[in-house]
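So that you can tell them apart, the chains are marked A, B and C in the order they are listed, and the count of residues begins at 1 in each.
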Amino acid sequence: MTKYVLKRVAISAVTLLVILFVLYLMLEFMPGTPFNDEKLTDAQRLIIETKYGLNRPFLVRFVDYVVMMLRGDLGVSYSIQKNMPISQMLDARLWVSIRLGLQAIIVGVPVGIVLGIVSALKKNTWIDTLTSVFAVLGVSIPNFLFAMLFILLFSKTLNWLPSIFMLQKPFVSSIMPTIALSLFSIAQIARFTRSEMVDVLGSEYMLLAQSKGLSRPILIFRHALRNTLIPVITVMAPLIVGVMTGSLVIEKMFSIPGIGQLLTMGIQANDYNVVMACAFIYSLLYVIVMFAVDLLYGVIDPRIRLVKGGTNE
Amino acid sequence: MSNQDTVFLKDDFQLAHRKDLYIDKVYENQSFWKDVAARLKENKGALVGLVCIVIIILLAVLAPMLSEYTINGVNVAHQSLPPKVPGLEQLGIFNGMSRGVDVYAKKGVEGIYYLFGTDELGRDLWLRTWSGTRVSLIIAAAAVAVDMIIGMTYGLISGYFGGKVDMVMQRIVEIINSIPTLVIATLMLIVLKPGIVPILFVLILTGWIGMSRVARAQMLKLKEQEYVLASKTLGAGNLRIIFKDILPNIIGQLIIMSMFSIPNAIFMETTLSFIGLGIPAPNVSLGVLISDGFKSFTVAPFMTLIPAVVLAVLMLSFNLLADGLKEALDPTMKEM
Amino acid sequence: MEKERVLSIRDLAISFKTSNGIVNAIRGVRLDLFRGETIAIVGESGSGKSVTVKAIMGILSGNGFVNDGSIIFNYTDENGEKVSQDLLKLSNREMQHKICGKHIAMVFQDPMTSLNPTMTIGKQIMEGMMYHYKVSKAEAYKKAVELLEEVGITDPEKRMKNYPHQLSGGMRQRVVIAIALACDPDILICDEPTTALDVTIQAKILELIKEIQAKKNISVIYITHDLGVVAKVADYVAVMYAGKIIEKGSVDEIFYDPRHPYTWGLLSSMPDVNTNEEVLYTIPGTPPNLLNKVEGDAFAVRNEYALNIDFRLEPPMFNVGGKHRVSSWLLHEDAPKVEMPLTLRHRIDNMLKEDE
């Protein structure tokens, strides 16, 4: 297990380094960044180069950059809010985004799992058909279409929920975005759980458990559930990507002041520093989540937890 | 069966000496793919999906060709006209009415039919929607190509050679996979000019990961099989074994996988367009249309909803078809 | 002493609803099992042997249904009363509660897949006793350790905490056997218990089952296509073909005096070190598709000794003395005298000589 954890840590670290390297390369060589603005004269350039230490060796600068990023110093914005430290801009936004993402996952994962399990247990009945139809719609229909329909129905027609996120009322105004964002997760998890559960229910070891004369609830809860849920963890990674990507759209639609919105603004305003910072934050979040998922996997699945100890006859 | 009641014929107890004895009987003379096609036909969802895809492709190809308008043909007099369809207008839907007002009459453009309405600049949305669909279809094709060319080859090679090659190749996959596609997309958009090219680049960089995993897993399963060993002992080269002996046996799984990657690719384009990172004017994509329309969503929801519905139907169709193919190719028939 | 009849199957008929139509998988099976004895059901895949035992356990898959027949099981219940029960009359719930695991237990084919990968060995053994007999955890633990010892696993206390992936195939099969024995069953059903194992371990597992059977006086049903296994373990043999038993008898009767052409084929196709035939015999053709209605003898189309009547009427069971029953028109008094193939004759003669 220790080896497994160390391996995961190493992979996460390498990944982060690769991401930082790519970001840094872009920062250095991309046209339009303040460091290689063509309008500058040679003298001005020299001043800037000295000021930012650009005349030092590449590797040294890169190491500096990594240290800077890891310390949370993400540079300054130079067009959205001139010279405002980006870490300050991100501060409030980060929590809004994380909160929305977490809400979507907290709603999505359990609902998806329950739907998938019920669907598998009631295989080939109307419940299964209904769930499957819902699930295929859920993975096919883009979340912004759902969001639009919600806005049309609950805000414009029924006037129940606000169509715009308000920091003063974070719960009520985040109901619609959360649901719109979680539908994809629900559908995807439901589909995956169903197919895993169907496989598990048809497995030899379930037949053996059945031949022991155990009752159906014991069979399902003690034998089938754990074996179904282990592989479901593997879809957590694509799911989180889905939620992240989805949050870009959802934040725009509901005017939510999160990092997705900041990223969009940054791209539209050509504020590269902001874009890079957001990209870094997204990557960081993702790497952390992936690491956590891998650890969870290791804890739950004895096949990973205990690789040693086998004997041969 | 009781012995007494049985009436015996005269030749009953002679040896039959049938000639067809040693011929092994084949129940159904059906090839694997015929079988798949038959099962696919049984699947209503997959059929509906297939029909929808064909219709959408036809419309995307033909509608812009046959249209009298141009994509960017601004016509101020025809601004924001709701959809009006001949025939359906009598039924009270798609009759050019918006909030009880006949917009066509108000603007004095009776007699003209915009099937999907027009946008704020008076451009024909029927034309624009189907032109936008073309972009989505191109991306779908690109996703499949990337899957089949990069993903498949990568996975097959990694799985086949194993050992150090596999180790290195898998670490690379793990790292690429640890960078969110969104981040790669944004970076691409900064480096390259917005348009279809950066989206294709993103696909080339990340779209094949899932496929390579499936191909590798299948390869690992098959490469130890006896028939592969047999082929090896007969002196077949690595390439021959990979592509002639193993690939035909796993191609079904790979097709399913590539089908599932289509909706993902289309969705990525739409999302990027929607947040303003997509195809720039004068070109359109479904994402751009949805994004543009969303600005006047409350006044003229049709501008957003129509392309959104086309998009949803397209994605749904590909998902249904992929599901159907999966069942048809892999009928884990635990019937007995 | 009169032998105690544990299980008697009469006229069992089972069909499956499939997407292609109704498959008549079992077409009138009659079988008896006595206490302490072993019966082996032999046949090709698809002959219905697995379906028969699944019917005994009441674990037919959802699309299977019993058309006819009875499976009478005689056992002593918790209160010490003798019970004679038709298993087919019990509901799923009663089957699960009263019979499965408790009185009839099963050992599955592939030990690699038949253990729950996420549960410790110990839990998997203890679970059945704790559920059926409500014994305490400590008691169950003690018994599970004993069982592991009994099935030949060294260091059982340590193994209790292991997960299946930490054990070898042979050890896993021993664990599966321990699970089956946990509730002291009357009948142990072994579904090809050794096919997935290495040859060296196969013999050990068979030996183990035999030992346990003798010690606990339980009855065993083997289903297998491996005649080598049959010769080693069985008292009685039933040869199944296309959902019917076509020949049955004591192991000597079947091996030394086979009467049905299909049994001849099976025995001829068994590899043998003593004979030096160049080509191993194979039975021509493939088993019939039971989706189609079988006219006459199902084996007729593959039978070089087929009579005309075989294509028209189904043969009844002919009694050829002792326990030996054969379902073939060749045994009818009017039938021409057909001898078994010469090579098989020689083989049997050789075997008989060796035994002397």
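Assume a contact is a pair of C-beta atoms (placed from the backbone, for glycine too) under 8 Å apart; a residue touches a chain by one contact, two chains touch by 3 or more.
The structure presented is a predicted model; accordingly, all values stated were derived computationally and were not measured.
In terms of which chains touch, the assembly is arranged so that all chains touch all other chains.
Contact tally for B-C versus A-C: the pair with more C-beta pairs in contact is A-C.
For the pair subunit A and subunit B, the distance between mean C-alpha positions equals 24 Å. Rounded to whole angstrom, the centroid-to-centroid distance between subunit B and subunit C, based on C-alpha atoms, equals 48 Å.
The distance from the centre of subunit A to the centre of subunit C, each centre being the mean of the chain's C-alpha atoms, comes to 53 Å.
Annotation for subunit B: residues touching 2 or more other chains are 334. Across the interface of their complex, subunit C is touched by residues 1-3, 6, 8-9, 11-16, 18, 20-25, 27, 333-336 of subunit B. Subunit C contributes residues 16, 18-19, 23, 25, 51, 61, 63-64, 284-286, 289, 300-314, 316, 329, 332, 334-336, 338 to its touches with subunit B in the complex.
Residues 57, 59, 95-102, 105-106, 108-110, 113-119, 127-128, 131-132, 162-163, 165-168, 170-171, 176, 179, 182, 201 of subunit C are the ones touching subunit A in the complex.
Put simply, subunit A touches subunit B in their complex at residues 11-12, 14-15, 18-19, 22-23, 26, 30, 136-137, 139-142, 144-145, 148, 151-152, 156, 202, 237, 241, 244-246, 248-249, 252-253, 260, 263-264, 267-268, 272, 275, 278-279, 282-283, 286-287, 290.
Looking at the complex, you find that subunit A touches subunit C at residues 203-205, 207-216, 218, 222-223, 226-227, 230, 300-303, 306, 309-313.
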